[in-house]
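What follows is chain A paired twice: with chain B in the first complex and chain C in the second.
For the complex of A and B:
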């Protein structure tokens, strides 16, 4: 009793990622070859280790932003939330005389501060229904102003001991030919675990599926009985907490707390997530793609000079990458729409 | 037994429903018919708990209730399939069907294999086979609807409302859908079909309740009604379905001449001509290429070869601007996204394509002339509004379509192409819109109507061409045009 013949069934196992992820891997490999052929210093174990180190914090920020983008929103306050939480944590700990070796105290404190700032975004977006771009643009300015005028505008070089020590905690170090050490930071492991956790959260929990549903059609999600407001609120609180943690880890890796840092990095992180395949219109995005996007952006950023391109072009290059990502999405959207109409014609 | 007894509901001062009673038993297919604004949607909202009635009783099985929450309605087996299906395009078929259950059970975690299982079972219940892993946005409209029905099945549906379910479907898909609905009936589901397509109502429903202005004007078994009786109960006036076609003067000059028009994957070798004052009907199934031909003539779809001549002059159509300059007007099917600036005023909408004729010295707009012209069109086309400055969204479907018409008529085109001019428009407005089109033809405009509404084509066209897979098939001249003949040609 079948009224409609099934559409073409998917066959076999999915061995490859999406075309976008394959494209990113190819881009990373090809770019590495070009850079390496121009400058043989590039082909060293130190290169991937350094690339990872410079990408770790951005991956963390990017994973938070990924959740927002999938839900159909955008957040541009997250770098400010990050440095706000990181700097404030240092100020509070030093003020309370908590110059300890503990890592948990700063991590938890920063996460709480980040979540609190995220709650303000959540109130504006889920509570008052403000457009996400405007809400976070406003809070970004407010948070930064508050940070610089009330918490501090001076650079702190002596950060708490635990954070300071963590900056040199290596997972492994390898002697390179030139007699220097190539170090892989231990943070690779927790961030990998966190990435897997976020992938699981997005795929296998009602919260995650509601995030996707919001990006697909908010009205339909509401009619399906999903709790739209509460999910939105949780998204911005979660992103706040993730940004807070990213902020304090940034302070640790830099071994200094500078309230002027991270400002403006939203451009490259948004670019990375979009290049990674997250739709700017919401509804699509993967953790793997996001990580590859961050790696590609950092590869370009770190090696423009090796290619003989002046460093001042960095921001232009990143802006260009963002536009390439968005144009790529528009093209694949068009193709998908075309496919859908072809199927429709076959069916009738 | 499901239904209402003496339900009344007012919004502000406006009465939406007064003393409405209807009944539907399990295993029954009931039709709720009425024009836009007759109170159908309010009745659905009351039955699904979205609105609370001011007076009256809701009957759900053994229970008689005076009010209902949406959650209660679902728990008692009431499900509504909205016109837009309320699906989530980026999720899979399985998730769209199964997630509601998970939401209802307050699940925190998602089990994909359980989702597939629930979805497969629901699809089996309605006798349909779909790819569970396809994303909803990649499947055809007809399948989307089946997904929505399957989802209703997972919620233990006892009373199913289907709101204008056939609007976007082809005849073949409607047959599938009716098969599914009869299957539900055999499983004891009470189905309420909300529609204003009379031939479909007669085909599927066993009983009918007709609303007008919030009151029941007629009810009973469907056998007691013929089309005319339903239409009269809906409109409150005698509706004649006689042909509206005006006489065509024998010596009318040819205005539009299309020769060997082709566009890969859309249509092939399309030739026809339309005389001044003539109304040409183009019909075909969804996806046959009928819409694409209309769009190509307005420069919205590429033309790869062939020629288009308007008033003896060959025109090149690479965009809507070219078409407008050549004197071609186009009323699109999807007026919401293509035909109107929804948030702009009625006045601005009417003037949108004719604005260049109202430019004075120095390129300034002549406001007074415009106001006169706009109010002329509003009275001419009987657009129901108290203020032309109101946004187009404030109008009902039929009135919005009149605004689109006015917009194009205001530029006095020599050729007017209408793509599904009365889709989603109620019977009363439909008749008036068709009359407007006829009158314009009488004034010498060449008209092309692209539609799959066969009765409409029969009423108004001088000649009809049928499109099959991008090619023109049979051409019927005035004497041969009849509904049965056209259905035959479509099925061929």
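For the complex of A and C:
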């Protein structure tokens, strides 16, 4: 009986991607085939382009959340941070008369606002040691209440020129058979770069390895001499900044700033990340899986009607998928834990 | 008689968190009474509060039961809406004008609504205890699922025009006490008896205090969790029925912000989010405090968003205070220990 550690096993599988990622790819392909066979309109270059456009912002939010989940925490406040930063940026820019074509000003401003709100989360979680769910539930209420009571509760249609223009910045546009234009948004590239950067951050930097260690076992991480508090603080500040950027990009793509938006989307994004294989208990999760999770959910959401499911059952379908995702994960976790004990017994 | 009252005061004061809460309640009450006496300190306001408290308190009691076992139930609002919608659906389709057995159908519809709640809760329990999914994730998934089912049943539309015989329950009073309040008090006593007097209830507190120790002490953790989440579903259904009866309608998306509110109440009520401690009195008192804040803000013409801000703030302030006090007590204990030996 050869001695296989779970780590070696995982390494071996890495050539093929994790089983979960393969499952997601298979699910996406099979679903696409079913939808396409039901309705040939689906097989058009416009479909993947539209799917990407509707997924981009969620991917960005999801990547931020992924870092939190890997560290063993949870964040409920990130969509609120996003819309807070996005809306406030627009209000501040219009207030200062900065109706420019610049894209950097709003991006940087939103990132700073997001990071500032993230710092409040960081202070509560790393500083006071509050449970992450309760702390972010509280801050989500506070941020939303503050936004709507003090910053504004009206919809702004005239967003700064740069943001407005960016919403139609296409990387390429292809004429389809039906004579309509299929457009791929330029945002695909920066988000791809950011995804690679986050993957690198998680896999190759001291910070990233500490995040994994923290999720694996906080006590062990502490005893290894890792700075648990500072790492936690940095996680929530980083996620705040990412959410801020996602929020302003959302405003840009929507071509309007509505402070009531994004509220309640946290569940869907948590669903996507968990479906993507990240463990809510911490210590495991991949960027590829997360992106595939978001794509799968959006594929289903965008094409429910083509699948023959009435639109009103959309939410139930997402709930069911999320349930299947978490149940599947719990079962595979149990099996892995069992295997680990069996291996230990064999070795001894 | 004197002994009983002394005993009662001593028992109330022995619970530090409850004492704190009574002080907070008095401060809030006096504060608003001074700030807006003509709008806050009126019998009408207090009667209206007495009608509003029960539904939220019942949801909070459901969350409390889950938190006692170191879990959480995020799906309470979805379960309550699903139950309300099922009952309303039956009422609207079965109770027709001139149809004879209105009361029979009301009883059946209420029973079905509560059954829907119990089954939803049982499903939560099965996923958590049977399959081993973490409570946050399991109830997050079922939150979406139950809400989705409620939306799907009636195409996302709410059901309106419930029969007056049914709405009389939520809007009526018995001996001057609002009927919803009586339902809450009965349910509250029931939950308190469950926690303190029944084997399963006492075990649920032990599971929350230390699940591993509970497992080794041959406590049937699965059975306890199953019961906990089923009861939470039942309490949520009761809340849903009260809401439907009070508003004469059922809406799949009613009270989305109640999830935050219920957790705020439970934490403010002195329940330990890490499990193992919590009282029904604390939760009901905390609901009353927050309801006073809500109606006080209303009298001061603050927006509902300001109330959301205040809720978040209260949640965090209480949590910080609790960790700070606990730390200090722990330290005081540690400092004391070496001297004794």
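By our rule, the second predicted complex is superposed on the first by the 334 of 348 C-alpha atoms of A that agree within 3 Å, B and C clash if a C-alpha of one lies under 4 Å from a C-alpha of the other, contacts with A are read in each partner's own complex, and residues count from 1 in each chain.
The criterion applied here is as follows: a residue touches a chain if its C-beta (ideal position, glycine included) is under 8 Å from a C-beta of that chain, and two chains touch if they have at least 3 such contacts.
Since the structure is predicted, the reported quantities are computational estimates derived from the model, not experimental observations.
Of the two partner chains placed around the shared chain by superposition, neither chain B nor chain C is touched by A:161.
Touched residues of chain A were counted for both chain B and chain C, and C has more of them. Within the superposed three-chain model, A:225 lies in touch with chain B and out of touch with chain C [touch as defined at top].
In the superposed pair of complexes, A:91 makes contact with neither chain B nor chain C. In the superposition on chain A, contact is made by A:124 with chain C only, not with chain B. By the touch criterion stated above, A:194 is placed in contact with neither chain B nor chain C. In the superposed model, A:215 makes contact with chain B only, not with chain C. Contact with chain C, but none with chain B, is seen for A:327 once the two complexes are overlaid on the shared chain. On chain A, the patch touched by chain B and the patch touched by chain C do not overlap at any residue. Chain C makes touch with chain A in their complex at residues 72, 127, 131-134, 136-138, 140-149, 151-152, 155-156, 256-257, 260, 263-264, 267, 273-274, 302-303, 305-313, 315-316, 319-320, 323-324. The touching residues of chain B, when paired with chain A in their complex, are 71, 74, 82, 84-91, 95, 99-100, 102-104, 107-112, 127-131, 133-134, 137-143, 146, 170, 172-173, 176, 179-180, 183, 285-288. Contacts from chain A toward chain B in the complex involve residues 1-10, 203-209, 212-213, 215-217, 219-221, 223-226, 283-284, 336, 339-341, 343-345, 347-348.
Contacts from chain A toward chain C in the complex involve residues 74, 124, 128-131, 133-135, 137-149, 153, 264, 267-268, 270-271, 274, 280-281, 310, 312-320, 322-323, 325-327, 329-331, 333-334.
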